[in-house]
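Lettered A, B and C in written order, each chain numbered from 1.
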Amino acid sequence: MWITALVSGIALGSFYSLIAMGFALIFGVTHAFNLAHGELVVLAGYVAYWLWKGWGLSLIFTFPVAVAALLCLCLILQRLFSLLREPLELNSIVMSFGLAILLQNGMLFAFSGDYRLIRAPALTEGIYVNGLSLTYGQLALVVLSLVAIGLLHLLMHHTYLGKALRATIQDREGAALAGINVRIMGLVAFGIGAVCIGLAGPLYGSIHYLYPAAGLQATLIAVTITIFAGVGRIRGLIVGGWLLGLAESAAVILLGSSWRELVSAVILIGLLVFRPRGILGREEG
Amino acid sequence: MERAAPTKIALPGPDRAIPVLLLLGLVLLPFLARSNGYVLQVFTHALLLATLALAWNILGAGGLVSLGHAAFFGVGAYSSGILSLRPGLSPWLTIPVGGLFGAGLAVMVGLLCRRLRGAYFALATLAFVEIPRVVTDNWDGLTRGSLGLVGLPGLPALTLGPWRVEIGSSASASYNLVLSYALVVVFLVALLWRSNLGLALQAAREEETAAKAVGIHVDRYRLLSLILSAFLTGTSGAIYVHLTRYTVPGLVYSLHFSAVPVIFAMCGGRFTILGPALAALVLYPVDQFLFHPLLPAGHEFLYGLFLILVVLFMPGGFWGALRRSP
Amino acid sequence: MTLLHLEGLGKQFGEVWALRDLDFALEEGEVVGLVGPNGAGKTTLFNLISGRIKPTTGSIVFAGQDIRALEPHAICHLGIGRTFQSSRPFPRLTVVQNVLVGRVFGKEVRFRPRADDLETARELLEVVGLGHKVDTPAGYLTPSEQRRLDLARALATRPRLLLLDEVAAGFSPVAIKQAVDLVRRVQERGATLFVIDHFLNLSLRVSNRLLALDQGEKVAEGPPPEVMRNREVIRAYLGLRHEDEND
């Protein structure tokens, strides 16, 4: 039983890392909190669902469409965020809070509150050995998120663009003075974020039930992992994701599934209150 | 004897007309809408939401944005509901007790989040709602879990000597009660902002370091404002639950009750006294009468849209902008 | 009597010592100018005294009490007021409200407004020359007016010791003269003054004594003419080249 929990914890955690990746990059580069991040993931999931249900597209082909849709959306969002005044972090939280409400209700209108699921039988099959079960879906999650992290790491540390992004993350003003176009960096961050969201959404729709209010949980998870990992630390996202996934699996076994949502909330509050280095490190006043 | 100068947050001078007219309309409503119970119901709810927005703004105007006020709302609702069922206490007693439970939760939140500011405080409050919600959902023995509380007593009759006023069974009496409560809240909030405590909270919002340097114990006053805000929110939650006479965790702890005070306070005007209430009394009925019939599902997207527009283009809110004329 | 006594005071940020091993005593009624080039540790010293940061080494004794562990608001209540290098008024509050805050909270907490609070606030505004802008939101003032507002607000807390950080930076000669008069008036009201003055506009004219810092260490202290002739001080301000010339 514990092995299964371990496996599902890692698989779920990998998925969480994928969700967090987009958020972490956008926040790191632009310092804008996007509280509607989870809603965007759910939206991408709904897009995939709609393509699968209404147009008969198989799951694999929904990914590129979802990514494309999210790219368009995220470019618009970047413009919105760039209009915000100081204090940026607080204003972006409030504005994106409104955005989350807007998107939630939009999805409620378009898809109703019924739970939706993309049925992809291939994903539920898997390997069953000695009491350990590993579905192809879980395997795909782990592989996909590791690949995504790997690619992101490659981008950040072995390309010029990545260097510019990292510079912007570390010190916006300094980067601007060094000639980096910070606005373009913001666009890039939103773009890469859109890709991560566009990939996470259809996955979400096939392993989780889709419903309009699901976004908030996803956002909290993304924020928790981002704060845990610290700004600009990519590898921490995978570790954080796995730890969170394992913590949730443990909680489900020890306390029951209805306590699962509490795990990320408590961890997030703990991180915020006990102030790890990372996003927080700002001297007061 | 001259009092301390009124703060920037003040009851309007030349534009006193609008709130007065509105008040007149609200008082006359039960007579005007005698035949239409739905209208009365909508405005009862709007008034309750107005109290939520006013209570939220006690924190908001002090510079702390809470995205999780539903926690206090729900705790107030459930504590009042449970106490009115089990020991069978009268709602007149359990409603303020609900407020006290809200205040108690606020002490926990406030002490825990003492060092948090701005966006991080907002995040913490957003996450914090989950704690009372999940606990309520799982503590079947006390709260009947996700089944919720049903058959709650309505607001009981008021007996004053020879007079007896039925409240719970009468739509207009319920309305008048909530209206009176809302007026009390407005009065309390106005009192706060005109007091020295209100001045301190505003100073702390403007420049925390300078406020400390002139002797303001910022942490303590903020905790105080949080407790007050939560007390009123919890009381409103308790009143709500005795109006609807049932509740489930997913209802009173929902994002709706966290979002609505934020939206009304920001759209109305974070730096005004009446702004939050005015926004509630305008936006909610518009939403219910105009948009709900058009879009039965998802009509609240309007709230989200308004919040985005206000943050981007009108940070002082509509009422704030109206009163900007010096 | 010695109002403020610093002994072995030091502050370390990471690897860097912003202030190191400072010994100094401030007498009641004095005006002491704190001088030194950029990065000398002047503002750090003020931040330590006012409680904004905690010292790494040493002690700060004010009127016989060790104030190292106190919070800024408590230190204000004891009688230390300060202004900031870049002015920090409360922008959305009016000018008079800014000063009122200092008056109401500066010493002990008062929750009921008193009749003389408003009067005193207006009077202080007259002293700093802002009496005509009583109801203007502070955010609308010019930078130099904001500095004067900060001063009035700090004065409203009835300080025994007032830390003035760059009160005359960038002032024209006329404005400097007004500032000098202002400082004298403040001193007459009974406050002891510790004045940071990077450009030396003010401190040379109003100070009884100067304390000169360079790179976190005390370099000289004494009457202004003496300190300004000190070789170390000149070298700190003007660099080695001038020192060579003086030889």
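Here is the rule we go by: a residue touches a chain if its C-beta (ideal position, glycine included) is under 8 Å from a C-beta of that chain, and two chains touch if they have at least 3 such contacts.
Everything numeric here is computed off the predicted structure, so don't read it as measured data.
Trainee: Would you mind naming the chains that touch chain B and likewise touch chain C?
Mentor: Chains touching both chain B and chain C: none.
Trainee: Grab the C-alpha centre of each chain and report whichever is closest to the global C-alpha centre.
Mentor: Going by the distance between chain centres and the overall C-alpha centre, it is B.
Trainee: So how far apart, in whole Å, are chain B and chain C when each is placed at the average of its C-alpha atoms?
Mentor: Whole-Å distance between the two chain centres: 44.
Trainee: Provide the C-alpha centroid distance between chain A and chain B, rounded to the nearest whole angstrom.
Mentor: 32
Trainee: Starting from the mean Cα coordinates of chain A and chain C, work out the distance between those two points in Å.
Mentor: 49
Trainee: What positions in chain C touch 2 or more of the other chains?
Mentor: 52
Trainee: What positions in chain B touch 2 or more of the other chains?
Mentor: Chain B, residues with two or more chain partners: 209.
Trainee: Touching two or more other chains, which residues of chain A qualify?
Mentor: Those would be 285.
Trainee: For chain B, which residues count as touching chain C in their complex?
Mentor: 1-5, 7-8, 195-197, 199-200, 202-203, 206-207, 209-218, 271
Trainee: Mind pulling up the chain B residues that touch chain A in the complex?
Mentor: Counting only chain B, the residues touching chain A are 65, 67, 112-113, 115-120, 122-124, 126-131, 134, 137-138, 208-209, 255, 259, 262-263, 266, 295, 297-301, 303-308, 311-312, 315.
Trainee: Under the definition above, what is the set of chain C residues touching chain B in their complex?
Mentor: Those residues of chain C that touch chain B are 50, 52, 71-73, 76-77, 81-82, 84, 88-94, 96-97, 100-102, 104-107, 109-113, 115, 117-118, 137, 150, 153-154, 156-157.
Trainee: For a test of understanding, state which residues of chain A touch chain B in their complex under the given definition.
Mentor: By the definition above, chain A touches chain B via 33, 35, 80, 83-85, 87, 89-95, 97-110, 112-113, 213, 216, 220, 223, 256, 258-259, 261-262, 264-266, 268-269, 272-273, 275, 280, 284-285.
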